[in-house]
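There are two complexes below, and they share subunit A, which is joined by subunit B in the first and by subunit C in the second.
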Partner chain A sequence: MDIKDKILKIVPEVTFTEQGDTVAVVPLASFRKLAEALRHDPEDAMDFMRDIVGMDWGETLGALYYLESTTSNRRITLRTETDNRENPVIPSVCDLWATAQIKEREAHDFFGIIFTGNPDLRRLFLREDWVGYPFRKDYDMKSNPLNMTNEEDDDVAPTYELGSKGELICGKNVVFAPEEFVINMGPQHPSTHGALRMRISLDGETVKRVDPVCGYIHRGIEKMNESLTYPQTLALTDRLDYLSAHQSRHALCMCIEKAAGIEISERAKYIRTIMDELQRIDSHLLYFSCLVLDMGGFTPFFYGFREREMVLDIFEETTGGRLIQNYNMIGGVQADLHPDFQKKVKAFIKHMRGIVHEYHEIFTGNVIVTSRMKGVGVLSREDVISYGATGGTGRASGWSNDVRKHHPYGVYDKVEFKEILRTEGDSFARYMVRMDEIMESLHIIEQLIDNIPEGEYRVKTKPIIRVPEGIYSQSVETSRGEFDVILESHGDKSPYRLHYRSACLPLVHTLDKACRGWKIADLIVIGASIDLVIPDIDR
Partner chain B sequence: MGMKQPKIRSMKYEEFKNNDYLEHMVEELREQGVNVAVSKLDDLINWGRSNSVWSFLLGTSCCAIEFMALGAARYDMARFGFEVTRNSPRQGDVLLVMGTITHRCAPLMKRLYDQLAEPKYVIAVGGCTISGGPFKNSYHVVDGINQIVPVDVYIPGCPPRPEAFYYGLMQLQRKIKLEHFFGGVNRKQPKPEED
Partner chain C sequence: MNNSFLDYYSLQPVTSWIHDALCSVMPEALAIFLECVVIGVVLVALYAVLAIILIYMERKVCAAFQCRIGPNRVGGKGGLMQVPADVLKILTKEIIRLKNSDHLLYDLAPYLVILASILTFSCLPWNKGAQVLDMNIGILFVLAASSIGVVGILLAGWASNNKYTMIGAVRSGAMIISYELSMGIIVLAMVVLSETTSLSGIVEGQANGWNIFKGHIAAILAFVVFLIAGNAEANRGPFDLAEAEQELLAGYHTEYSGLHFGFFYLAEYLNLFITAGFASTLFLGGWMPLHVAGLDAFNNVMDYIPGFVWFFGKTFFVVWLLMWIKWTFVRLRIDQVLTFEWKYLMPTSLLLLVLMVVLKVSGLVF
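Now for the complex of A and B:
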């Protein structure tokens, strides 16, 4: 049955908008009913929640819900609006999808939307004493000057319920009880891979609860985008997940091109795909180095960086940048490939294939590694889907979630490659998925490198790019999981709202699930194996 | 008597671009005046200090990854004497701030700076730390950490190349070599006011 008919059968009042993506506009009163029906649909359950995007539509606030089925990979977007601005209330769906808990916290932090029934509606990125909601259109940018006083953490989280007359009842939910032993880790800690802070409740050495505190690198990129023109917004995507710089920028470029109706050349598609895969290798090599370093090994760190420098050299010759390349542009790529590009890439493939055994000899088979990683931090398939933990973390638990396979972009539909899946769901499986993906990426590049078609690398675009009104989205598989760009345009030269689905925010949310019951020392290994990049979480 | 020059083995004095501020420091040193024995002892201590700068890392984003490349085999920062990186403020000499400092992180950075033992230095790495960089207009980004802590060396770039890191770290070494260790105070930081 068509998804539209199915929705109309459940709630007949739903209307559909077709500007850009198909969006089902759901009245607030029947939203919860529709969500439950879609989630528990017996034949094609929408069990993966990609994202919740808070919105400010002037008169009202609201949210977009991006859902996907893991069996048929069909997607649907729901849109619901609050009644007014003063008292914006939406029923929570965090009992249906675990990931909704943190996504609703994000929307609450930025827009002040109250999700009734969410057990933990603290602020997520901003300080507890922050005034106002920055993503609202009427927010005064100067209302929160730099506050140098030290922050106090609340151990009690507010929750909201609707009373019988429609009034809000504020409840309290204890995060950490006064008798609990809570230690603080980060934001200045070498094993958090950036400025992540965690509060960890311990029973002896055993982790009872992990409460991630985000926002130490929250730069408000999404809000900044609203005052930038489309070509200007590109530069900030590289700074989100700097180890997936090509891929995130690729997503934004594709989204704008799709919306503005720009057709790019076949050559540009090939170049982008090859660069994406090189970036994936670069990121996974760094993952290997960091994981080893966090576990106390030093020599394998040099191995990872030795090959990584070769990839960076290839990047640098063509793009001019090592870590952040600023290479994708609307309409293609910034510059043509360097004449030595193909030669060097082929040499690298040969070298990498010949040397990867060193990685496995020194690290993978090591008895300390095996005992610290095998069977530790297990996430089940149901968990990863419910938490929305995409990428290697999800695939290590047996969830086939590769965007390159299910929703191909670039030239991924023209190449043959395996999706690496494992079933154990432990730290070791997460590690092995990454190592095998390096080989798979080499295989993809090999098929493309000799067949790059001739043609222009960049088509000419208008000097001022305007995007027709509508809601557009584009997803890519970055090194860490699914990254989505969600763009609402009102026909101007800058976006009305540009939202990024961070691949790492669900991952940091799963840390609590993965670490409970394990020792504090295992937390470091689990965190490293999940592969977090903090600027991507905070945006 | 010729002007005292801070020598670095890896790079000639003339090849550094901004020698004038160092010459200014030398002049200040001379005006204050120290006796020969003490100044020789100063030189000895500064030789030791400048060749074993222990960095204390506050890496919040991209620049920290480039710093990791510095530690790996190709760029190998052990050659210049700053390969020891520490993650505790008790053990560091120089606070390397790598990455954007947001409003939420700023009080923490100040606290880390306060926890460092004297003599201490600060290096601001990357456009974001120096001026807010591309995020200058954001509601949650500090535009320049020099508003919060005194900065000794700025290393611009987004992120800076490893070579730029070296140049910046060598500048710090040269600065350390000219410091007056015994007696006088050669710090930019004003004395804390008594309340």
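Now for the complex of A and C:
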């Protein structure tokens, strides 16, 4: 049965908009009913919540819910809104999808939407004493002058319920009781891989609860985008997940090209795909290095850097950038490939295949490594789907979630590759998935490198790009999981709202689940094994 | 066994001559006092110089393991002046006192650590006739003195008034106290083999073959256990969880700066050397050249090499082994460390002690 008919059968009042993506506009009163029905649909449950995007449509405040089925990979977007701007109340869906808990916090933080039933509606990125909700269109930019006082940690989380007469009742959930031994980790800590802060409640060395405190590198990129032209927005994607710089930018370019109806050349598609895979190898090599370093192994750390250096040199020759390449443009890529590109990539593939055994000899087979990683921090398949933990973390728990397979883009439909899946769901499985993906990426590049078609690397575009009205989205598989660009255009030269689905925000949300009951040393290893990049969380 | 050539390198006549010369111009008590001062200064100087050598060695060795070059800028080729420059820098750093720390204990802790380290350091047999502290219970004194260090570590962690240092100190306390058991039992096994607890006696006893050969199976296994336990005692990887920087920043010495931090750092490196030094004393003959019973010509050739060369050679060999281990393995977790000790290492060392006694009693050792 078509998904539209199914929705109409559950809630007949739903209307559909078809500008860009198909969006089901759901009346607020029946939203919860529809969500429950879709989540528990016996044939094709929409069990993966990709994202919740808070929205300010001027008159109304609301959210877009991006759902996907893990069995059929069908997708649907729900839109619901409320016209009460004073107390915008939307029922929470965090009992249906665990990931909704943190996504609703984000929407609450930026739009002030109150999700009734969410157990923890603290601010996620901004300070607790922040005035107003900055992503609302009527937000006063001068309402928060530079604050020089320290932020007090709030140990009590507010939660809201609707009373019998429709009034809001504010409850309190205790995050950390006063007698708990809470240690603070970060934002300046060697193993948080950036400005992540966690508060950890300990019993001896055993972790009782992890509470990530995000926002230390929050730059308001989504808000900035609303005042930038489309070509200008590109530069900021590289600063999200700096180890997936190329892939994130690829997603945004594809989204704008799709929306503006720009057809790019085959050559550009090939180049983008090869670069995506090189970036994945680069990221996974750094993943290996960081993981071993977090476990106290200094020597294998340098192995990863040794090979990564070759990838970075290849990047540098063609794009001029090493960490952040700024290479994708709307309509293609910035510059043509360097004449040595193919030769160097082939040399790298040969070198990497020949040397990967060193990684396994010093690290993978080591008895300390296996005893510290096998069976530690297990996430079940249900957990990763519910938390929306995509990428290698999800695949290590047996969830087939590779966007390259299920929703191909670039030239992934023309190459043959395996999706690496493991079933254990522990730190070791997460590690092995990455190591095997390096090999698989080499395999993909090998198939493409000799067949790059001739043609122009960039099609001419108009100097000012206007995107027709509508809601568009594009997903890619970055090094850390599914990255989505969600673009709402009102026909201007800059987006009405441009939202990114961070691959790492759901991952950091799983930390609490994965680490409870393990030791503080395991927390570090689990954190490294699920592969966090902090600027991607905070955006 | 003809030991005449060994006596040629002995420092005993020199020290006696100095003592007699001093006694002829001043009362004996004053002479002994002066000698003690001089020897103390020499020890501390040696301690500092060895630390510089060890840090340089560590940096070069780990660079070699990690496909790097290591220090190569300061002081010309090879970066020889890098470590002295670092030492100079640490000497000029301010010693920061925390507002809410326990000042007395906070300042006392690094001295306790360095005291334990220097006390054990001074028991090392450098050469024939060149052993500073030599008493008939020598090896037991070493075990006792080395235990003072853990008090310093616990105090440092506690007095800093910081949750990270506290966790580091408790980890370290639990680990060092546990591994001291294995260490003590293994030392007992070697005492059984050597029939003496005096360090000079143990070395002299290896004149006709090093203990590791004399005790064969039991001694080789004991050597391995000793290295593991010694590595844990010295808080070095893969047992460096007390100062696991990826978990606890710098563990118990997070809050220390300047020279106080330098003391911890110094003690850490010297403990590595001390562990290696006692491993070579107990198992590899200390300053005793390689002797094979019956091959007198060969033994004579070996005797031409002075004892302290043998001692440093063996010790640095063991240091290098420990560095190899540190730069290869990843860190263990605290519960794994304790499980390993209490369930595997200690029973093994008890068995080794029994085995050694059986071998000794039935005359199966050489």
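Just so we're on the same page, the second predicted complex is superposed on the first by the 539 of 539 C-alpha atoms of A that agree within 3 Å, B and C clash if a C-alpha of one lies under 4 Å from a C-alpha of the other, contacts with A are read in each partner's own complex, and residues count from 1 in each chain.
We take it that a contact is a pair of C-beta atoms (placed from the backbone, for glycine too) under 8 Å apart; a residue touches a chain by one contact, two chains touch by 3 or more.
None of these values were measured; they are calculated from a predicted model.
Enquirer: Under the stated touch criterion, which partner chain does A:I183 make contact with: subunit B (first), subunit C (second), both, or neither?
Expert: Only subunit C is touched by A:I183; subunit B is not.
Enquirer: What is the contact status of A:R127 with respect to subunit B (first) and subunit C (second): first, second, both, or neither?
Expert: In the superposition, A:R127 contacts subunit B only.
Enquirer: After superposition on the shared chain, which partner residues are touched by A:R239: those of subunit B (first), subunit C (second), both, or neither?
Expert: first
Enquirer: Contact-wise, after the overlay, does A:A521 reach subunit B, subunit C, both or neither (first, second, both, neither)?
Expert: Once the two structures are laid over each other on A, A:A521 reaches subunit C alone.
Enquirer: Going by the contact rule set out at the top, does A:P535 touch subunit B (first), subunit C (second), both, or neither?
Expert: A:P535 contacts subunit B only, not subunit C.
Enquirer: Please work out whether A:R306 is in contact with subunit B alone, subunit C alone, both, or neither, and reply first, second, both or neither.
Expert: A:R306: touches subunit B and subunit C.
Enquirer: Per the contact definition in the header, classify A:L286: touching subunit B only (first), subunit C only (second), both, or neither.
Expert: In the superposition, A:L286 touches subunit B alone.
Enquirer: With both structures placed on chain A, which of the two partners, subunit B or subunit C, ends up touching more residues of subunit A?
Expert: B
Enquirer: After the superposition on A, what does A:S371 contact: first (subunit B), second (subunit C), both or neither?
Expert: second
Enquirer: Identify the overlap between the subunit B-contacting and the subunit C-contacting residues of subunit A.
Expert: In the superposed arrangement, which is not itself an observed complex, subunit A uses residues 189-190, 301-302, 306 for both subunit B and subunit C.
Enquirer: In their complex, what parts of subunit B are in touch with subunit A?
Expert: Listed in rising order, the residues are 57-62, 64-66, 68-69, 72-74, 87, 99-100, 102-108, 110-112, 134-135, 137-142, 147-148, 158-159, 161.
Enquirer: For the complex, which residues does subunit C have touching subunit A?
Expert: Contact set of subunit C toward subunit A: 62, 65-68, 163-164, 167, 171, 237-238, 240-241, 244-247, 249, 327-336.
Enquirer: Using the touch rule from the top, collect the residues of subunit A that touch subunit B in their complex.
Expert: Listed in rising order, the residues of subunit A that touch subunit B are 125-127, 134, 139, 141, 144, 146-151, 187-190, 194-195, 215-221, 223-224, 227, 235-236, 239, 242-243, 286, 289, 301-302, 305-306, 308-309, 312, 322-324, 534-535.
Enquirer: Given the complex with subunit C, which residues does subunit A contribute to the contact?
Expert: Contact set of subunit A toward subunit C: 181, 183, 189-191, 205, 292-299, 301-303, 306, 362-363, 366, 368-369, 371-372, 519-522, 524.
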